[in-house]
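Sharing a structure below in structure tokens format, with a few things to ask.
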């Protein structure tokens, strides 16, 4: 079975001469929820951005269902079915929720109504406030809109950059449950997270990224129980 | 092309009062921008205040030349306070806008007919050299070494200019090496962090603005020492020339501005001599007139400034880690 | 390396633990403090007393006004109404650097390690009452040289404690995110504060570094300082906080020792969520109840 996303030996970075990713590997099979955890500066967000064409790839390859997508720009990837939810600045504050969702599907506007129904179904509450300016929403609500926007193109794979960042505990739990629901609806999901504990609890498989390479790999449960992972990455406080 | 003449003229510019004036002004700007992070786009204004303060106090109030220097320092302090008081608590962009405007206002006030009796308006000022020349201890005559041969008066101008320069360089060096300088470098990067450590950020910024402004005014004085004051000199392009010299040498260093100014003027002298020669028959710029060839140097300055900002913002002597425009 | 369990301070309050309750020895008192932006009231605190020598946590949902309240207390913002007293002295209307000089130091949500300075310079900047910082005195090194050497000694001592001494001559830009947090905390200590206010100190910090940071915060209390911190990490709060203040929509809605406050239904509904101790894998049905569950 060809993985939906396969990353091989990726070298990438922002500044010339400085590599953040030093040969990272990752794969996601159809329908899986993959969690990526690891220390600051390990390259978790960079890996996600590299898959989405936002960071220069210097060596290695990325493929989507076997098709090489290394170096393709983000707009092409959206058309191919890759959705990306950034951590910050993830909504257009001056546009309404509905307009934000329209932005998500601008490459294929004819399907707007149909997809809107699907997205509103997942985020029931948002459906009642479509005309509200996104700038007036709280952090957690913006996160929902950003996710909704990424889902408008009916992506085969969804990339999430720290969906729980900056949220209070109750909103974090809601965010993780929501991600799990989206994944169960059939969307292959790759999520980078700082809240390693929660992330691994819902992940099918996980990677621990350290210094730009995939240091540990396993199922979510395996990683949660691995004493080495616990010591180095999870911390023993309430792990 | 008479290369000997070209090179001789070029070498001479190293010791020219104009170069000294530039060094002084760029040292002032180094304190403002390189160390304090203040965006001053009106350094030409400080120079004008310095020059006019000097000449006017001699011509209109009968002061001796050294008192004239003190007056120009005082005028610079007042000018700096006027600029800083409304803007230093606001975002840096506001200081930038206010300084451009203030420099232009100063220049136009000096240029306007209304004050013609006082400022000489478009004709500028001249004939304020008596007490200065009388104070000259050097013997009369014309002497020196090779291209560096000047009259007694010209030597006196250079000695005074160089002395002021040495004092200013020492001041800048001592200030930036001290704990005061350290606070300034912190402010340059993040005012809130420094406030949270108990430092009165507004006071430090004002002090930097004043001292740097005084350096600029002294630059104006040295510019005025040789002959006359011409108001058309103190235009915004002068400010940008000084920025170029500063960034070329290294904005956050003490010797960077010195090096940058010298290189800048040497290049200008070189180009002023070479470009017209290149428009002669058989040479590269044949189609242009001598005048056009000469003006080409301004285009080159502009391109040079852009290249520095894009590819080497820390200048020749600067540390890349310390001064970069990339966030 | 096992940490000795923190010794919690008790008996800090007088009377029932509810919003605005008086403390036996308050270091900071806020009265009727409000701050509005346009039509929106960001902060509306009737009364709050922060107990001296203890660690107080300020928790609450995003948009509750915690950072705004922090800014008001530290002089980075001015309240529309209200009085604030630090160590008995009124600080209303004082500028941020003046309040800092009184002994209150704060850190920021987005770490402000000064990257264009070296680690050691960052530290030396933190010291107060430096003779060399006066414009005229700075020109005469003999006036401030001795003090500078003492400051450097103190700085290196602190750097050793925070395990940053190897990096002392590196520019702060080369430090990792976690190291910058440590630097900001160490630098804050150079000011010899009596009250340390930390704005989300654990934000973005790798869980493995969290323990060491917590240890440093506990050390502050051991040395007699008072700590007030804003956090979302409930494990941290439960672990080291002596007192918890809960804010929501600009107001204080609950106060008390961590265990009791975090059990109040209103707090759970608005902020903590009911899954605090459960495994989300089980909640979402991805994992059998037998396989999942929180390990303690």
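Going by the order they are written in, the chains are A, B and C; count residues from 1 in each one.
By our rule, a contact is a pair of C-beta atoms (placed from the backbone, for glycine too) under 8 Å apart; a residue touches a chain by one contact, two chains touch by 3 or more.
Note that the structure is a prediction, hence the values are computed from the model and not measured.
K.L.:
Apart from chain C, how do the chains cluster through contacts, with nothing moved?
P.N.:
A | B
K.L.:
If you average the Cα atoms per chain, which one ends up farthest from chain B?
P.N.:
A
K.L.:
Determine the chain that sits nearest the middle of the structure, using the mean of its CA atoms as its centre.
P.N.:
Ranked by how close its C-alpha centre lies to the overall one, first comes C.
K.L.:
Using mean CA coordinates as chain centres, what's the gap between chain A and chain C in Å?
P.N.:
Centre separation, chain A to chain C: 31 Å.
K.L.:
From the C-alpha centre of chain A to that of chain B, how far is it in Å?
P.N.:
53
K.L.:
Starting from the mean Cα coordinates of chain B and chain C, work out the distance between those two points in Å.
P.N.:
About 47 Å separates the centre of chain B from that of chain C.
K.L.:
Taking each residue of chain B in turn, which ones touch at least two of the other chains?
P.N.:
Residues: none.
K.L.:
Spell out the residues on chain A that touch chain C in their complex, using ranges where they run on.
P.N.:
Interface residues on the chain A side: 38-41, 138-140, 165-174, 176-177, 180-181, 184, 194, 196-198, 201-202, 204, 220-221, 224, 231-239.
K.L.:
Which residues of chain B touch chain C in the complex?
P.N.:
Within the complex, chain B touches chain C at residues 171, 174-175, 178-183, 185-186, 188-190, 192-201, 207, 211, 321-323.
K.L.:
Under the definition above, what is the set of chain C residues touching chain A in their complex?
P.N.:
Against chain A, chain C makes touches at 60-63, 176-178, 203-211, 214, 232, 234-236, 239, 268-273, 275-276, 279-281, 283-284, 286-287, 291-292, 294-296.
K.L.:
For chain C, which residues count as touching chain B in their complex?
P.N.:
Interface residues on the chain C side: 74, 76, 95-98, 100-101, 105-108, 112, 114-117, 121, 124-126, 128, 130-135, 138-139, 141, 144, 148, 171, 173, 187-188, 190-191.
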